[in-house]
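Next come two complexes built around chain A: one with chain B, the other with chain C.
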Partner chain A sequence: MSRRRNEPGGPGGRAGATAGGRRMDAALRLLDHQLVDRDGRLCGKVDDLELERRDDGTLVVTAILTGPGALGPRLPGVLGRATVAVWRRLHGDAEPGASRIPFERVAEIDSAVRLTMSRAEVPTHGLERWARENVVEKLPGAGRAPE
Partner chain B sequence: MRLNDLLGADVVDAAGEPVGRVTDVRLAQTGPVGSGVLARFVVESLLVSPHHAGSLFGYERRHDQGPMLLRAVVRLMHRRAVMVRWDAVDEWDVDARRITLTRDHDRHPPEVA
Partner chain C sequence: MKRLLSVALGVLTAIGGFVDIGDLVTNALVGARFGLSLAWVVVVGVLGIIVFAEMSGRVAAITGRATFDLVRERLGPRAGLLNLAGSMAVTGLTFVAEIGGVALALELVSSVNYLLLVPFTGLAVWLVLWRVRFSLLENVFGLLGLALLVFAVAVWRLGPDWSSLLDQATHPSVPGSEGVPTYWYYAVALFGAAMTPYEVFFFSSGGVEEKWTEKDLGTSRLNVFVGFPLGGLLSFAIAISAALVLLPAGIEVDTLGQVGLPVSEAVGRVGIAIALLGFFAATFGAACETGLSVGYSVSQYFGWQWGKYVRPREAALFHVVLLLSTIAGVATLLTTVDPIKVTEYSVVFSAVALPLTYFPILVVANDPDYMGEKVNGRLANGLGQVYLVLVTLAALAAIPLMLLTKAGQ
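After this line comes the complex of A and B, so read on.
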């Protein structure tokens, strides 16, 4: 996929409208940072960002991607391919997409990324669900674990 | 598309000469801030370094970040790193992971966000 800047939706959108707003470097300040739900509970990591090209050429962050479906493609070689393969195998959908948190659900970004949603609303991935149902819940005393 | 499609992408000038690879993507907040919800972020600039993928913890952007020896080594490695604005991107080939800059693009020294 390739687009030139003079095409609709092509790159090179004017960023002048952003002057004066808060700025941050995505890889340094967002990638691999902790996700925290509205009750202060940990609910995953920022594994990638979803970007969308608008007609004026700007590239907008539309969602945070989390879980193996987002992390796997970032990992090199066999490790990355194996991560994605296991995630696909354990996922309930035939063509699963990475777990997606719309950016509108982000309340604040400091040392962590704080969400306006509860942990239960964060899309969980197949491996975590499989591990919870087949391993964690079968451990003696698992039902008494605090939230 | 994803941020990961940009990170590590090769950057070339209009003549096809290599500039480097994208090591980070600077985002800028736009629009009104709703109650309890962040305004959207857009891609403002690309940090392009000729040597190494990876942001190296921001040492190449911060003049005051310690320890001094580590800062000196990283800044030496990234001494030719530049920032180019997103509006200086002429073409982005996502599949080939290649970004072509406009003929008249400006390059700026990296600065802390």
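After this line comes the complex of A and C, so read on.
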């Protein structure tokens, strides 16, 4: 969304957008906020937003983009390109798009963005799962609560 | 009664957990070279960490968001990532210093070379991070850290001339043997030691770990307003004891053993045994806190599940970061780099990194959409702005002073 920030939108040229029927400064209230799943587990950041321009000129948030595919393009220079390249290489698909969470799956927006899905369904859960299966679960005591 | 006990426990652990390797070394070093002429910096630094910690604790209790959540939200991914890199470089350096401090404390007890103890120390720290509940960690090391009160006993037994000490502290002047830039270099170092950024990462993330809500604000403030100043008095006691014993003898502090010398002089063998326990608890507790701070901050930037309130398998990437940073810390020490030197640099770079996290916290604590009625009041904002200027000045001055004085020589 940072690339679209110069489009005429809300006050001050920022992308004021309607999200779930609510009008808000999407750059301040949504972008880079924490995603929380329906069980209260943390599951990534709002790394970018998918916007759609309605006929009346208002911008509407249609989806949350998350994970390296969305974060990479917002990082500068080599670092950003490398993030996207590594993510593409590790991704199964040949031309993967950034992981997308339709805005209908958002339950509530407070200091975090709360989703109606479990974090296993979030498309970027792969890295966390890889770390769990290949590192953490190999160590004794991974499944027990701390004492 | 139970509530009173838990409040008392919180305050006690705040006192015992206040001092870390940076405070131990810097206060003793400065006391031995400058007497009490830099004591005012400790007062300014302790007030600063109180302002900073209260704000970040309040934000954590009201919004449930810890420091690097806010950094990412307010600065965006680019500036946020730079901030993360800078803050983690400093916190990583502090982590190395704390693990080294534990090994040095164990060396003083066992007479085994500290390098042989480093791998075991690293393993012990990692096991605590892996398996031990947050509150247990905080309580055990916080209470054991109270052993450092032996420095206050030492000062009392040395029977100083209090009025001359007070006069030194209230009329600071650069001692004749030291240059003016060196004086200011150590002022910045003491300021950085008192206001180490990891304390705020840890404090705010700890608030989220323990699921603080608005109801816990009173307790959290009590810990900060009572515990931190009393913890600051421990720093003072270390500096005064060094000023009384090491300064007249012309001893400059470059080992952990020298930090404890005034205690053995004034309180004897039992005293030094208690001081060693205090060294161990303070450095081990701080090693866990700095290690966790690295894991917390990286996870908060990327949005991964973090924390010790879930099983390790639920926060896999967080635990991978903890494991890797512990390995990196141990590896750094095994290059035979001097842990005391690492400590001295870590407190100065702490001063450099302070504005990075201080500024976003100040901004969010003023945002009524976030904080509702709990936005900064006039006092918090007045102090907040004064300290924003102070931390910026210290950050800008740190590196030039370091180069100018060849790191305080």
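As a convention for this text, the second predicted complex is superposed on the first by the 95 of 147 C-alpha atoms of A that agree within 3 Å, B and C clash if a C-alpha of one lies under 4 Å from a C-alpha of the other, contacts with A are read in each partner's own complex, and residues count from 1 in each chain.
Here is the rule we go by: contacts are C-beta pairs under 8 Å (C-beta built on N, C-alpha and C of every residue); 3 or more make two chains touch, one makes a residue touch a chain.
Model, not experiment: these values are computed from the prediction.
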Tell me the contact category for A:A85 with respect to chain B and chain C: first, second, both or neither. neither
Is A:L49 touching the first partner chain B, the second partner chain C, both, or neither of them? first
After superposition on the shared chain, which partner residues are touched by A:T116: those of chain B (first), chain C (second), both, or neither? first
Just checking: does A:E108 make contact with chain B only, chain C only, both, or neither of them? Give me first, second, both or neither. first
Regarding the shared-chain residue A:R22, is it in contact with chain B (first), chain C (second), both, or neither? first
Touching A:R74, do we find chain B (first), chain C (second), both, or neither? both
According to the stated criteria, A:D32 is in contact with first (chain B), second (chain C), both, or neither; which is it? second
In the overlaid three-chain picture, which partner chain does A:T58 touch, first (chain B) or second (chain C), both, or neither? first
State which residues of chain A lie in both footprints, the one left by chain B and the one left by chain C. 2, 29, 31, 74
Show me the residue ranges of chain B that touch chain A in the complex, using the header's touch definition. 1-7, 23-30, 36-45, 47, 54-55, 57-58, 61, 85-96, 99, 102, 113
Chain A touches which residues of chain C in the complex? 63-65, 69, 72-73, 76-78, 80-81, 130-134, 136, 299, 302-306, 308, 310-314, 316-317, 319-320, 323, 369-370
Chain A residues within the chain C interface of the complex: 2, 29, 31-35, 41-45, 47, 66, 71, 74-76, 79, 110-112, 119, 127-129, 131-132, 135-137, 139, 141-147
Mind pulling up the chain A residues that touch chain B in the complex? 1-5, 10-18, 21-31, 48-53, 57-61, 65, 70, 73-74, 103-109, 116
